[in-house]
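Got some structures for you, see below.
Common to both upcoming complexes is subunit A, partnered first by subunit B, then by subunit C.
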Partner chain A sequence: MERSTTDVLVLGGGSTGCGIARDLALRGLEVTLVERGNLTHGTTGRMHGLLHSGGRYAVSDRASARECIAENRILREIAGHCVEQTGGLFVKRPEDPDDYFEQKLRGCRDCGIPAEVLSGTEARALEPYLAPDVERAIRVPDGAVDPFRLCVANAMDAEAHGARIETHAEVVDLLREGEEVTGVRVRHDSGPGKRTHLRPGTTEEITADYVVNATGAWAGNVAALADLEVAVRPSKGVMTIMNVRQVDTVINRCRPKGDADIIVPHETTAILGTTDEEVSDPDDYPEERWEVDLVIDQLAELVPILREARTIRSFWGVRPLYEPPGTATVDPTDITRDFFLLDHAERDGVTGIASIVGGKFTTYRAMAEEIADHVCAALGVSARCETAERPLPGSENLESVLERMDAFGLRSPIARRSADRLGSRAPDVLECDGPNPVLCDCEGVTRAEVRDAIAASGTDLNAVRIRTRASMGNCQGGFCCRELAQELHPDHGHEVTMAALADLFTERWKGQRHALWGEQLSQAMLTYALHAATLNRDRADDGPLEFGTFDAGPDRGGETGVPVADGGPEGSGPHGRERTRGGRGGD
Partner chain B sequence: MSDADRFSETDRSSDASDPVSVFPDAESMDLRPGADDCYKCSTCDSVCPVAAVDDDFPGPKFQGPEQWRLERHDDREIDPSVSACSNCMRCDDACPSEVPLSQMHNTARAAYVEGNVPRLSRTYLRNRLLSNYGRLAWLGSKLPRLTNFVMGLSVTGWINEHVLGITSEREFPTFATETFRAWWRRRGGAQVENANKRVAYFHGDYANYNTPAVAKALVRVYEHFGYEVVVPPQRCSGTPMFANGMLGDARRAARFNVETLADLVADGCAVICSCTSCSMALRQEYPELFDFERTELVAANTYDALEYLRINEDLESALEGTETDAFAGLAYHAPCHARNQGLDGQALEVLESVEGVDAEDVGDSCSGISGTYGWKRERYETSMAIGEEMFRHMARADADAGLTECPTCAMQMHHGTGYEIHHPLEVLEAALSTPDGR
Partner chain C sequence: MVAVAIEDDVLVVGGGLAGLTAALAAADTGARVRLISHKRSTLRHASGLIDVLGYGPDGRGPLVDPFEALESLPETHPYARVGSEIVREALHFFDAVVGDAYGGCHTTANALVPTADGTVKPTARYPASVAAGLASDARATLLVGFETVTDLNAPLVAAGLEASGVPFPVRGETVPFPGGLRDDATRTRYARALDQDERVEAGSVRVRTALAEAIRSLLRPADRRLGLPALLGLENAAVVRRDLEERLGVAVFELPTGPPSLPGERLERLLFDALEAAGVRVTTGVPVVDFETESDDPTRIARVFVDRNGARVPHRAYEYVLATGGLVGKGIRSSRAGVREPVFGCPVAHPDERIEWSAAAPFGEHAFARFGLETDGWLRPLETDGSPVFANLRAAGAVLGGYDFPAECSGSGVSLATGYAAGREAGLEVSA
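What follows is the complex of A and B.
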């Protein structure tokens, strides 16, 4: 077994963990971060990408609202290449309460959130696809943020300041000596360092002066390894990704609370969210069809063309909700979104460890700062936090990036998208010898960008995906998975390359299952044919494909296992609707 | 498409007074939702004649749904490669999923010209000149013999090539000594009056100035079947303007045509065209790009001339026993725009009934000229490379003349083979004027 030691060990490679790692590394501490999957694998990679203005909390939780607007302003500065300043609207339909609209407006103004009232006509001039009966709207500085890019940039900067970031390293035990936690035992999926498929795994004991449990919804499971109890109340929510942006502004519904009330324009797509339902196990919960139906139906009241729009996938995230023992809130939507730093020394008499639970993505930096302060105090280190002023890698001097793109001979939209994703790193990444073809057509990702991501993440194409957006577009990897895997060869052999390809393709398929009914289901056969026939990837297939197991067709509610040829698109409802909304049976 | 997606009539009120700002309304033309229909199958790329011969052209899938999906709301940058699209519209026809490809291309091209092509550049001036061919032709037709002489001079060719960027490889079409409209006036207009069978003839510029024989043939054929032909005032259909991104010019022409034709349609006339690109413009491009009142009405009542006769008359019986020896072996090329309207088979089916005519289809390739495209110096070679397949098939056919509905396909057929090229209406006219023609 390998052994190593570090000052601070951070468990969890989400926004909080990476934020803490960066903060501590900038303060000069030696940091190791371990994450069982990719960076963002848990909740960070499964959110709608809203950069809160605070407007959402302006009625119910003003402290959070103030914190949000402060962090919103900071992230625009330090993470410019991860943030799109879309602006946001709280729109009011005729049936939504007037007094709540007024409360929202007052709340925003009281919290220092710039807020402007638009008439329905003005709102539609800004967003032409808004429903004709939207009466009024409040305009606030909501934004869109790419959680992957932000998280990776934090990890990258932490590494640049000496941190060790280990992904695919699952914590299998917390090392506890009496009343002190001294480190962890991790299992590396393919040895330490960058991931290489098929390389044998190893186990390592990492000891540290202080352990930070930043595993979010999994914090209870991890704490339990040291016989500590953290009562996280994980709550799932569905998000549905639309193929194109129907809106360019964040659209919130202006009503007290409810499911399915937000649309976030995100890169090339729009993300619809969400639901809120408590689950017992953050690793095992049902992904249910009614949740997808609900968000589309409800949000189509705000933006009617959503009913006929193409969805490319749906995914579920698990909120790491927490409330102090004895609060016992019944409805998960009422549980506070505030975060809690659980100092186990104070709470349980066990030193050397703290757990972080609750919290919001928008305020990840402020949370990380508070935790880093706590760690420094525990270790007797005095060093100032710099994360509010220092731009993340890629966000330095963004103004001149677009002007410099001409040198790389890319087609206009590819150049624009590459510059958006890479920020100030664009010239370094795109400067390459030889041709630089586009590998992912849907998102406009070139070979140079893919190679840069591979250099940072080994054979893990899902890690390449979160760095580049390759395979996150319309075809969901149907066309480009192979192109991406091809880049691993000949540095890696055939088997490693194929294993990496299968990993990415499987992950892409997982979310697509929830987008396939009606016409889109038949279109998915193209991807199947490409992979099964053209790439000969069906040779190990052990039976005929059972379409009915995931969609029985529109008129076969409740029946399962009906081949699509019998109950397929011909039997669908009125045109348009069936494209995405046909079958409801047999999930 | 909702009305909000199109150019809004009210927003364009400054149009007439501000001819330079041809695309002020690009913002309201949000075609991103149109990208939803695409599932990336790439059939469009596989039928694109430009992509087949030009490795630098990224193809219709990129030009259309991919570029629109990647577009950001505030983007003004359209990739220059959209100018390499010839607007043959084959991709529209090929798409199994109803992606509005040519609408996306036309709109992107207009935005590109508006945002990226300087008004004083040679390319802009040349393209504006080419797209407004009708205006030049009007001038040229005033002194047709002199114009033909000047256009035939080698010095003119040199100037075109080097100053304007118009290829000197091609011979300019000659102007008729009498335009169709002059003939129509001289003739005293319609010879048949029939309140129950009236058609409005949209002849377009080419049949008027260059090939009045085609237009006259149409009139005679229609009068043969007892139709009253109306020849309303009209302007260019807009086809060359769409293809050059001159959407402001196209808009003005289209508005004029829609207003004039809609009155006639309301009065019971169908609109008929002898050029398949004109009918394509009236039927598909107008409704996709403009939202004048009654655009849809005109579109729904526009037909290709032969198509209209096939629907309303028993052409087969009428042609039974007819004969002509004026056209022996004909190599028929179906224009892409005819193909897109589902008209690619009709000419040969109709002419089968005519004794003495042996027409052979030379396959489904594109002629490559695509209107003004093949006239541009920088596109000439691409145009000829695309046309190569058609030339080869024409040479192999048992024919010594060509047949097609499209005037610029005819130019290309003639340019590539030296054959004389005819229009199906001319053959029909000859057949029907034989003693047996009933």
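What follows is the complex of A and C.
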């Protein structure tokens, strides 16, 4: 078994874990982060991508609202290439309560959230597909954020500052000596380092001065490995992805609470959310049709064209909700969205470990700062947090990026989209020898960008996907999965390339199953026909074939059947017509 | 007063392989035939290969003899509906129509064709451009792909074929395509450059010459054939291929690709030419939007209406063939509420729960792959009570249900057999 040591071990590669790793690495600590799947594999990769203005909490939880607007402003600065400043609307339908609208407005203003009232007409001038009976709206600085890009940028910066980031490394045990946690045992799915399919797995013991359990909805399972109890209350929610942006502004419904009340424009898509149902196991819960139908039908009350629009996928995420023992809230929608730092020394008398639960994506940085402060205090380190000022990789000097894009010979929509994704890394990534064709047409991702992602993530094409958005558009990888996989060759052999392809293809398939009607079902049939009939990929392991028994062509002596002279049995063919086609044969 | 309608004996709705075959087969009986199509057919999505049956109902295969297994198909399978003799007849009919543009008619055995993914797939008929590449042919092979043609990676295809145990040595190389095409040029654009033998390198050289030169240095003395992505011309494909063969001294073949598929487009053109030669009248770009039954006989379709730039134009015929395609061609449509056949409203059986429309694994047993119309032995679509929807309506091709063509490798064969049967029966009905 391999062994290693580090100052701080962070468990979980979501936004919280990556944020903590970056923060601590910038403070000069030696950090190792382990994640059982890809970065963002848990809840971070399964959210609607809303960058809160705080408006959503302005009535019910003003502390959260204030924190959101503060972090919203910070992220626009340090993570500009992950954020789209779409703005947001809280829209009111005739049946939504007037007094709540007034409370929302007052709450925003009290919390320092810029808020402007629009008439229904003004709101529809901004978003023409809003329902004609929408009465009023409050405009707030909500935004859209790419959680994948943000998470990866944090991990990338942590690595640049000496951190070790291990994905596909599942914690199989916490090492506990008496009343102290000293590290973990992890199982590397394909050995340590970048993922390579089919490479045998290994196990490793990593000891650390301090362990941070940032596994969110899975924090209870991980803590239990050291006989610690963390009562997370995981709650599932569905998100349904539309194939185009019906709105360019975040649309929230202005009513006290309820499911299915938000639409977030995200890259080329719009994401509808969501539901809120407590589940017992964050890895195994039902994904139900009524949830998809509910978000479409309810949100169609705000944006009627959604009712018949094309969806490309639905996915479920699990909120890592937590409340202190004894609170016992019944309805999961009432459980606080605040985060909790559980210091197990204080709580359970076990030193060397803390668990982080609850919280929300928009304030991941502030959470990470508080936790990093705690870790530094526990280790007696005094170092200042820099994450609020230092831009993430890709967000440095963003203003000049587009000006420099002309140099790369890309058609302008491709260039613009590449620049949006890569930010200030664009010149480094796109500067390449040889031609740079587009591999993913739906999202406009070029070969250079795919190769850059492969360099960072090995044969894990799902990691390439979250870095580039390749395979996340209309065809859901039907056309481009193979093209992504082919970039692994010849650095990796045929077998590894095909295994990596199968992984991505399977992942892309799963989420489509809840979107299969209309155009997307047609797309699924086309994809199935292409892969199973034209490419015969469904039968790639037919086993040894007797090639000699099949047709080798008329002149090759391989025929096994009865030769047919011309045209077949009497009277069955249009013999006269055949001759009129003279001269066209052979193509 | 009865409105005058454009009148034919047989009206075929749909311009894909099934519709084209039905129209040809009906015309062959001497009937007066019209084919109406709306959008471009799905032939450009398909490989251009004519699969009959690659795998048996139990998944056994690849089958050497597709005809042997026809007898074991369940009775709801379209092949079982028409009977194996009709499948053979339909293939002979196809062979006569396409002549030497297709190979495979000298044997009843399937051929194994190398795919763009490095697998081999069983098929009964293959375009002439594919013929030299068969996997049972033992000639040493060089595959060449292009840096900017991104859905075929020749070294990877070669590695895949090797892994499949093909009986020939095979290598793959990647070269730049000569000339200044854009990095994201379409496959059709490459085909046009080769068709027209465009000038490259500031006009000093022709593209076919430049391509042959780029490949020449990669060929080894033992190499006997050269495989390229299927983009070797559209109009002049035979000339392009022969030109390369003469320059390089090896047989040249194409590896079929996904859409846009040049072999599929060539087949479409060839069949439309055959329609013209057979005197079939063709109306394209118009959807059928409505129909009426006979006033004195609700079991017979009296006429259909097409939408031509907003005008409702009636077409009357004695017999109708519905060949509008499956889910891809939109002959079968679906919504959150269910699955339907949009032209005549024929019932389409499907599970109530949407999640059961598909299987959990990407290549699992998908119910959606079998969505389509149930018919009787005359290919007349059936009501849920088992009676024909209309006495003078037959269905052919992917609009039919009860078969999973990607799994079976049976797509073109079913279109041919049912198109042939429906068209021929409709034609004979009229002349009877």
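One rule holds for everything that comes next: the second predicted complex is superposed on the first by the 534 of 587 C-alpha atoms of A that agree within 3 Å, B and C clash if a C-alpha of one lies under 4 Å from a C-alpha of the other, contacts with A are read in each partner's own complex, and residues count from 1 in each chain.
Definition applied: contacts are C-beta pairs under 8 Å (C-beta built on N, C-alpha and C of every residue); 3 or more make two chains touch, one makes a residue touch a chain.
All of these numbers come straight from a predicted model, not from anything done at the bench.
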| item | value |
| --- | --- |
| First, second, both or neither for A:T268, with subunit B first and subunit C second | first |
| Partner chain in contact with A:P325 - subunit B first, subunit C second, else both or neither | neither |
| First (subunit B), second (subunit C), both or neither touched by A:R537 | second |
| Residue contacts with subunit A in the superposition, subunit B compared against subunit C | C |
| Which of subunit B and subunit C A:D248 touches, first, second, both or neither | first |
| Subunit B versus subunit C as contact partner of A:L526, first or second or both or neither | both |
| Contacts of A:R411 with subunit B and subunit C, given as first, second, both or neither | both |
| Subunit B versus subunit C as contact partner of A:F479, first or second or both or neither | both |
| Subunit B versus subunit C as contact partner of A:H489, first or second or both or neither | second |
| Partner chain(s) touched by A:P435 [first = subunit B, second = subunit C, both, neither] | second |
| Shared subunit A surface residues [contacts with subunit B and with subunit C] | 308, 411, 414, 479, 526 |
| Subunit B-touching residues of subunit A, taken from the complex the two chains share | 128, 243-246, 248, 268, 305, 308-310, 411-414, 416-417, 441-444, 473-475, 478-479, 520, 523, 526 |
| In the complex, subunit B residues that touch subunit A | 4, 28, 30, 32-33, 35-41, 58, 61-62, 65-73, 75, 77-81, 97 |
| Contacting residues of subunit C [partner subunit A, same complex] | 24, 27-28, 45-47, 51, 54-55, 61-62, 64-65, 88-89, 91-93, 95-97, 99-101, 103-112, 115-122, 128-129, 131-132, 134-138, 147-148, 150-151, 153, 155-156, 159-160, 162-167, 176, 183-184, 233, 235-238, 256-259, 261, 266, 270, 273-274, 277-278, 326-328, 330, 333-336, 353-355, 357-358, 360-363, 366, 368-369, 405-407, 409, 411 |
| Parts of subunit A lying in touch with subunit C, wherever the complex brings them together | 289, 293, 296, 308, 409, 411, 414, 434-439, 447, 479, 482-483, 486, 489-490, 493-495, 497-498, 505-506, 509-510, 512-514, 516-518, 521-522, 524-526, 528-540, 542, 544-554, 556, 558-564, 566-569, 572-575, 577-578, 580-581, 584-587 |
